[in-house]
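Before anything else, here's the structure in question.
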């Protein structure tokens, strides 16, 4: 009983601390926006519109649709959703390929000796330089963009997976062998869980790379998408519009990373260092 | 010795498959020239002054950007890492700025600072500051409390504690951040050159070569050179790190 | 009682030619069903090698191991091993219950039967209420109980234990020793336990096999005729216990067949044996895809 009440009190105080921390963060954030508003109004530079103007433009741009579309405008369906789809689609393919190949290579003793330097070289290639190659292969459009994203995002996942799979503790290897663990269970219940912390580090890095490459590929060769809208608003000197796309990309980057972190926290909750209810 | 042979076998095997795929017609030769052609073009280009100028422009911009990033991020990280209220005060701003993909700022930076080398350096700095900053803050937060208590019990002053306990501890983490930033800075420099059509640099070379659509051997040669530069940077920094921080097992493991 | 384990002329050598290190030489013994046999030997004598050969984790370079009459090649079906290092042997990503269920996963059991058997095993080691916790939330002694429960859940014909209590504190160790004897008698299991602790071998065992310094051979095979019910205080005080442990200690120190060696020389031998055993285990681990990062002791 006392334990329960103690726990409740602790939870409540934790929640209180969380809320006050949260409030403080937002206060600071609001203060920063206010300073930004003031500075831009004083400077009156066309390049730097005040945030109030950016928000107004963004609201008009994204939420002017009919009620049947939850007030989302055509822009959302024509540009934002396709962009997010290509980014996440390319990333998802890179995850499947990277984890699959990485597990196979990590299990093989000699596999990495054959392809290790090759992959290190591939990883070192700045992915945007391959855009022209993918452009002639897949044409202007989603194929080229997804290919660029996959090529950029796969290496951190693959190499981290190899690393993680290699790091399975020798006592766990012996334990699994002494139970005659069949291969699927060995991979699924021992090797991959052991590699997960490293895999997640790779996933986080590759997700931000995917977002970068989504923008780059749309800046260069695309007929729609956030990057395309960003560059065309710049070319038409519509600066509040351009800023609203920049802000959207910031929100996207923040949101995608937050979701992945939440998934990671859930999947890796067995790690003593990230205990939430110790 | 055997692993070296296998490394070479892997590389040669890749080139053979590529060559074979083009020769058999699996990939149209016009779009993806065979490696024999790409490598000979690379060799030719490396003998030409304008190409070398482009390479130098890229590497120079990369080096300057990385230098500026270190000069900004390490002191800032030390400050934020050791003063708690400063960290809380800036957290929201940092959390807001960091997720903006640096390439999203390309159009803005082009407007504000123009299309010269300043643009790519600015963007590369913006992107490269974060890993160093976060690794530095993380390193200071991760210092073993026992270590700090021991130092405090020995009567070490606050300033000495920073230089003799905190810095040596943080150094490997900071270095890991620098390694990550080095790779990101190169991507940003080349991307900006490519997207913005800067007047010089590897990215610009690739853009010009690709504009006709018939010089794919030059495009791929540029890509190969960019890859080699990236590989040398990464491998070089890894070696330096191993040599400098032999005592620390955290090297090579990215903090975040 | 029928013979459960029969080891005949077992040899194991690391390396080849002149540089070879012989870890186990012409070793023969057998364990009857339902017996708890302890092997005690000085550190670095090749105990680990011997266990790994018997468990089928490494093939011996000579001789044979038979489990209930079948020649052992590779890890046999109905065998389980409890390792010394419980924190590395348990899977931290699985809850306690799932750890115990692990060896039952690929058996033809319904989900419910599997859960029941895991629960039985946990009950047997006195850990009824912790199934939903993760291993790191338990104390060291409790974690080792979990690995014992996991080994028992697979209902092995032979349970091999490699210094199972060497990493827990003395108090917990006594508890675990009594627990092991109780469970062994309840479940009629056959256990082969390796230890370097003389007292533990005498207290736990129905039989004590004394190993020589490297290369490992059996110096003596002593029956422990203490009463089946043992008590940490009374048993350890009894004259029989004291005599037995004295005998084992003398055998370990001199060894009837071992020539008198100077202390330094034997230390060197031990060190060399340790090193060789290590090199070999590491090589082996690398082959199976795991990287050995640190020494076990």
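For reference, chains read A, B and C in written order, and residue numbers begin at 1 within each chain.
The definition used in the following text is that contacts are C-beta pairs under 8 Å (C-beta built on N, C-alpha and C of every residue); 3 or more make two chains touch, one makes a residue touch a chain.
Computed from a prediction, not measured in an experiment: that's the story for all the values here.
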Quick check for you: compute each chain's CA centroid and the global CA centroid, then name the chain with the smallest gap between them.
A
Would you indicate which pair of chains has the most C-beta pairs in contact?
A-B
Would you mind pulling out the distance in Å between where the CA atoms of chain A average out and where those of chain B do?
19
Find the geometric centre of each of chain A and chain C from their Cα atoms only, then give the gap between the two centres in Å, rounded to an integer.
48
Can you work out the whole-Å distance between the CA centroids of chain B and chain C?
51
Any chance you could list the residues of chain A touching two or more other chains?
none
Of all residues in chain A, those that touch chain C in their complex:
106-107, 109, 165-175, 177-182, 185, 189-191, 193-194, 196, 270-272, 278
So in the complex, which bits of chain B are touching chain A?
3, 6-7, 9-11, 13-14, 27, 30-32, 88-93, 95-108, 110-112, 183, 186-187, 190-191, 194-195, 202-203, 206-207, 209-210, 213, 216, 219-220, 222-223, 226-231, 233-235, 254
Which residues of chain A touch chain B in their complex?
21, 24-26, 28-29, 32, 47, 110, 113-118, 120-133, 135-137, 201, 205, 208, 211-212, 215-216, 219-220, 227, 230-231, 233-234, 242-243, 245-246, 249-254, 257
Note: in the complex, chain C contacts chain A through residues 55, 57, 75, 77, 79-81, 83, 85, 88-89, 91-94, 102-103, 105-106, 134, 136-137, 154, 160, 281-282, 285-293, 296
